[in-house]
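Note that chain A is present in both complexes that follow, paired respectively with chain B and with chain C.
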Partner chain A sequence: MKTQIRSRKDRECYPFILPAFIYLLVVVGYPIVYNFVLSFKNTNVKNLASGSSVFIGFQNYKELFTDPTFLLILRNTFIFTIACLAFQFTIGFLFALFFYKKFTFAGPIRGMILVSYMIPMSVTGLLGQNIFLNTGLINDLLSRIGITGPEWLTQTSTALIGVIIMNNWVGIPFNMLLLISGLSNVPQEVYESSSIDGATKVQQFFQITLPLMKDAIFAVLMLGFIYTFRAFDLMYIMTAGGPLNSTDVLATYSYTLSFTQYQFSKGSAVAVVLFLCLLIVGLFYLRLIVKGEEDT
Partner chain B sequence: MNKFQYLFHTRSGRKNFWCCVLSVVIAVIFLFPLYWMLQISFKSDMETFGKVLTYFPHQFTIDPWLANLKDKDFIASLKNSFINGFLTMFITLVFGIPAAYGMGRYKPKGFKAFLLVFLVSQMLPASLMLTPMYLTFSKIHLLGTYFAPTIAIAAGSIPFAVITLRPYFKSVPVSLDEAARIDGCGVAKSFFLVMVPAVKTGIVTIVVISFLNGWNDLMFSMTFNVKPEMRPLTANIHKFQSKYGTKWNCIMAYGAILVLPVVIMFIFLQKYIVGGLTAGAVKE
Partner chain C sequence: MKRKVLSIVMAGIMILGLGACGSSSSTTSTSSAAASTAQSTSSASAASSASAADTSAAESTASSSTSIPAVDPNTNGAEEITLWHYFDSSADAKAIVEKCNEYNKLQSKVHITPTYVSRTELMNQYTIGAVSGELPDIGMVDSPDMESYISLGVFEDVTDELGSWDELSNFYAGPLSSCKDASGKLYGLPQNSNCLCLAVNMDLLNKAGITDVPKSMDDFKKAVEATTDSANSVFGYAMCAISTEEGTFQLLPWIVATHDGTKSSLSDLTNANCDPGLDMLGSFVKNGNMSSECVNWTQADAYNQFCAGKAALAEVGTWHMATMSKDVNGTFNYKICLLPTGDSGTSSSTIGGENFGICTGCKDKAACVEFLKWFMSADQEAKWAVLAGKLPVRSDAKPEYTYEQDAFATFQDEMNYALARGPHAQWPTISEQLYTAAQKVLLQGTSASDALAAAWTVISPILQESPLPQQ
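Right after this comes the complex of A and B.
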């Protein structure tokens, strides 16, 4: 009897949930399927209107993986992502430990530095363009300590470094924020009892903080990977992928193929590669979250 | 012991003092790029093109700002940015709040599937939707309308709204809507009159973040708004850059105006934004 009432009551919720659910199926689900289909065809601007595109199997993928430009771009994407993750996580963690301390300015300042995360990434790109000019802020600061800075964004060997630095300006505060919330979930009593046992701060960090924050750290790294791997706005504005594709990543390359060369199918194939890379990492992340959901 | 003595003559006071100093240094480093943008935007052309790089405007002028604000194209883009923000916000609220309520108060059949769809669509790269959506929108003649980009942007904001608001709805005491039901409220009435007002802090977060998602968007707006005069500020950056050339004072004024609403919202609504970002990103 009780379960019957319960299930009838539960049915009330469908009018609330279904509109958003259907919205996402149509606006997100359908394009994904369509994108996969496209990537196996030869749709371009010429045969789009006539609808005469045909299935060509894995041809697009074969062409991509034998194209040195694409392989360079794949490499760029991984270098960008891993470099960003390494710095933003390490520095973000140090900041989190620092701002988790209780001192007068801790609250206001940790909020303040988050502003770089809120502003449009395209403006971050614009700023990056300016401060990495040959006569810009970075080289001016370097010259004050006797270093002649490189022509950051106009040579292939340094352009990606400039983009990585700008991305860290955004990523560090964000990692800090998430790690602070992870730190606040570590029960304070554990520290108290261990300091009675004579553990040093460093020992406490490696033996208590890190293990207890395992899930939070994992989540931060997964999310960081997902957000960084799909980056687009920063490169598009700051360097437009150049010089010579040295800052092109999968997202910008997919855009170029689809919307400046109008090779829609090839652009879709690049998007699929991007998606599959994210999927591998995303599955771990989802398992973590759904597991957490079952615990509550 | 007065405050001054506390600051310098106790161990914890000194520690607090040095932590504050270090935190100010960090703040200066992180906010410096924004200061840099602002100070360039107030420089005269002559100083911008000068040989020596100056760290504050020696010839202060608001001309670069006026150059933007007197430009018809700029005003049109600014208007488009606001339209983008508000439309995204509207779509997100209409679809997101009810779904968050349904997911927070009930555990229906298929709950896990719903949750998975919301989580996954928040993580998907926009690149994956870009080409197919462009082709679909072009078929149904939606390209070049304000709806094309905002429908796509809201697809990222709705899951965010559901995931962020759900805990708020969960924490509203059951007795509250039971009381409303006894008083004769239907499901819809108790949702609008009791539940929504009870979670208004969370809703402020959604309002701010979804507006910013629309305001900050570049990729969808530039691709789906095929007419440049319908594009927001973010999507017209390159266009104005080729117009201004190396007049960085004008370019930086452009950037500063684009950032201004974000900074203003951030200053006044910081606690809603920060709380929401944490809750939406890692769930506890």
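Right after this comes the complex of A and C.
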């Protein structure tokens, strides 16, 4: 009986989500399906106008996964994402724990840290360009303590590090903000009773804070992964993907192939790889959420 | 279970959406930036300068204080013809509005409305417009890109309307050929030309004990080495080697040059004569005569290094002449000379410039053709060249430059040795291979022969299928 009522209620709800569903289908679903289809064709500058492109199966994917440039770019994307996530999350968490405490000027300082998050990414890219010049701010500071800094953005070994540092500059406040809101959901009573039981601060962190913030942490990590993995504007402005593709990521490469070299199908195939990587992470996170709901 | 599946599907769509936000620009998304039609006078943003190949993209001009007139909004019932351009230096931006207003007053049949769209965004809009059909009536394009856009179907064949124009023979063959497809059909007209020369800080050169500008690659190398002053952060040479078309534009003269009496060619990059120039540039970076930052510099950045006295010699374009005197501001004496890329007395350079094409679906092709005929008439060409610091595309246009006369005469001479890029539908891929090869030489110490051989493995099949025109 209960099941029947619930199922009827569900049916009554469907019309309400229908407009959003149709919107997503048209605005998001169609371009993605079109992108998938395009990635299996050979559409390029020579046949776009005539419409004479044909299906070539997995040829674009085969070419991509045997192309050293694409493999380098795939590697760059993962290094960039993982390095950014690791630093942003760790430092963001430390900042969150610090600024969650009530002390004089905690609010204003927290606000100041958020400034970097509020700056448009294109401006951050331009700042990064100047900070990491051979004679820029970083190398100037290093030279004052007797260290000769590297040629950050002109060496293939250091250019990605420069971009990662600038992305962290923006990402740390974002992580801090989300984790502070997660911290505020942890009941203070739990800390009080654990103190009475003699728990140390370290024990409280690992036994109370981390477990109770599990959902917030997963949300931050997943959102962080998605936002970082599809990064485009920072490297586009700061290095244009160079030198020698050392700061190119999947999103910039997809753009270059499609809009600079007019290899539309190949560009779409790169976009599909990008999408599949994000989908796997998304499904993994959803599985964890569903499991969590079942446990509770 | 149903709810679980539904939630997974919905969340999956959300992820798809997020993914699409990041990547779908490759195929489907458009930007509202194209719709922003402000007659912007600002200097180019990083994004636009990152891709502006050879135009006045990134620096203010001598007349930067001059305000840009408003486009006359009153069409007086005339048919409106939209014209998209990316002239963003104040001299160019002002001139295009003035010219359109002038033409609108000359006749009453059509009203030309010029609209500024940043170069990068304009190119994206052409690509998207090739599919969606949303194009202006007349569109401006960088000359080496025209062939690609003709192939994409952005421009309409106007051979019947323009092919019999008796003034067509007055246009220089190089710029005009960039408006044609492989079968010789015409899709528009070239509007301005430019090329590259060498700017020399004569004070630094004389201080290094050299009295005359370099005339051969050997002279040039000596001059660069002698003028490098690491203690004062002065590099001997500055150029742009960025990983965009802009980089290819400046690198090409060092690849296609005359050595031991034989000129190399893009049709065979394995020829040993393609190597000396690139190898020399690689040695400049290695020995500290040129900053490794040249791989991130736009042409405007390299020019600024020269004007700031931080580079004794620099590769500069015709359009820089409109501002050089003001930017150097009397701090040193300078001269413009032919690019000494090879044997003594020989030179090579690259042709740049903009074309105007009539877009597919144009609402009044005949009227657009009439406008182009007027806009590219000998008289208007001469005026434009002086206004914008460019070279005319017609032999019968005689600009009377009121500034930098000697420099413009040198640029005009350099045009005799300048190489056109393409026209070729796959020029962007060829270009990418060229700047990548050069960056390998500059940053990784790879020999020019190895780097160019790697590039040739990609370029060769393209040229076998569709060769570059003979030059």
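Keep in mind that, in the parts below, the second predicted complex is superposed on the first by the 259 of 296 C-alpha atoms of A that agree within 3 Å, B and C clash if a C-alpha of one lies under 4 Å from a C-alpha of the other, contacts with A are read in each partner's own complex, and residues count from 1 in each chain.
One rule holds for everything that comes next: contacts are C-beta pairs under 8 Å (C-beta built on N, C-alpha and C of every residue); 3 or more make two chains touch, one makes a residue touch a chain.
On a predicted model such as this, the values are computed, not experimentally measured, just so you know.
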{"item": "Joint occupancy of chain A by chain B and chain C, clash or fit", "value": "clash"}
{"item": "Chain B versus chain C as contact partner of A:Phe225, first or second or both or neither", "value": "neither"}
{"item": "Which superposed partner A:Pro120 touches (first chain B, second chain C, both, neither)", "value": "first"}
{"item": "Partner chain(s) touched by A:Pro243 [first = chain B, second = chain C, both, neither]", "value": "second"}
{"item": "Which of chain B and chain C A:Phe40 touches, first, second, both or neither", "value": "neither"}
{"item": "Chain B versus chain C as contact partner of A:Leu153, first or second or both or neither", "value": "second"}
{"item": "Chain B versus chain C as contact partner of A:Thr135, first or second or both or neither", "value": "both"}
{"item": "Which partner, chain B or chain C, touches more chain A residues", "value": "B"}
{"item": "Which of chain B and chain C A:Phe93 touches, first, second, both or neither", "value": "neither"}
{"item": "Which of chain B and chain C A:Ala271 touches, first, second, both or neither", "value": "both"}
{"item": "Which of chain B and chain C A:Phe80 touches, first, second, both or neither", "value": "neither"}
{"item": "Stretch of chain C, among 99-107, 117-125, 315-323 or 387-395, that runs into chain B once the two complexes are superposed", "value": "117-125"}
{"item": "On chain A, the residue positions that both chain B and chain C contact, one per complex", "value": "10, 24, 28-29, 31-32, 34-35, 38, 48, 122, 125-126, 135, 226, 229-230, 232, 236-237, 240, 250-251, 254-255, 258-259, 264, 267-268, 270-271, 274-275, 278, 282, 286, 290"}
{"item": "Residue numbers on chain C that touch chain A, as the complex places them", "value": "2-4, 7-8, 11-29, 45-47, 50-51, 123-124, 127, 130-131, 148, 151-153, 233, 242-244, 291-293, 295-296, 425-426, 428-429, 432, 436, 439-440, 443-444"}
{"item": "For the chain A and chain C complex, residues of the former touching the latter", "value": "10, 24, 28-29, 31-32, 34-35, 38, 45-46, 48-50, 122, 125-126, 129, 133-135, 151, 153-156, 226, 229-232, 236-237, 239-244, 250-251, 254-255, 257-264, 267-268, 270-271, 274-275, 278-279, 281-283, 286, 290"}
{"item": "Chain A-facing residues of chain B, complex", "value": "15-16, 19-20, 22-24, 26-27, 30-31, 33-34, 36-37, 40, 53, 95-96, 98-99, 101-103, 105-109, 112, 114-121, 123-136, 151-152, 154-155, 158-159, 162, 187, 191, 212, 215-216, 218-219, 223, 234, 237-238, 248, 251-252, 254-255, 258-259, 262-263, 265-266, 270, 273-274, 277-278, 281-284"}
{"item": "Interface residues, chain A side, partner chain B - complex", "value": "9-17, 19-21, 23-25, 27-32, 34-35, 38, 43, 48, 95, 98-99, 101, 103-106, 109-123, 125-127, 130-131, 135-137, 140, 169, 172-174, 177-178, 181-182, 185, 216, 219-220, 223, 226, 229-230, 232-233, 236-237, 240, 250-251, 254-255, 258-259, 264, 267-268, 270-272, 274-275, 278, 282, 285-286, 289-290, 292-293"}
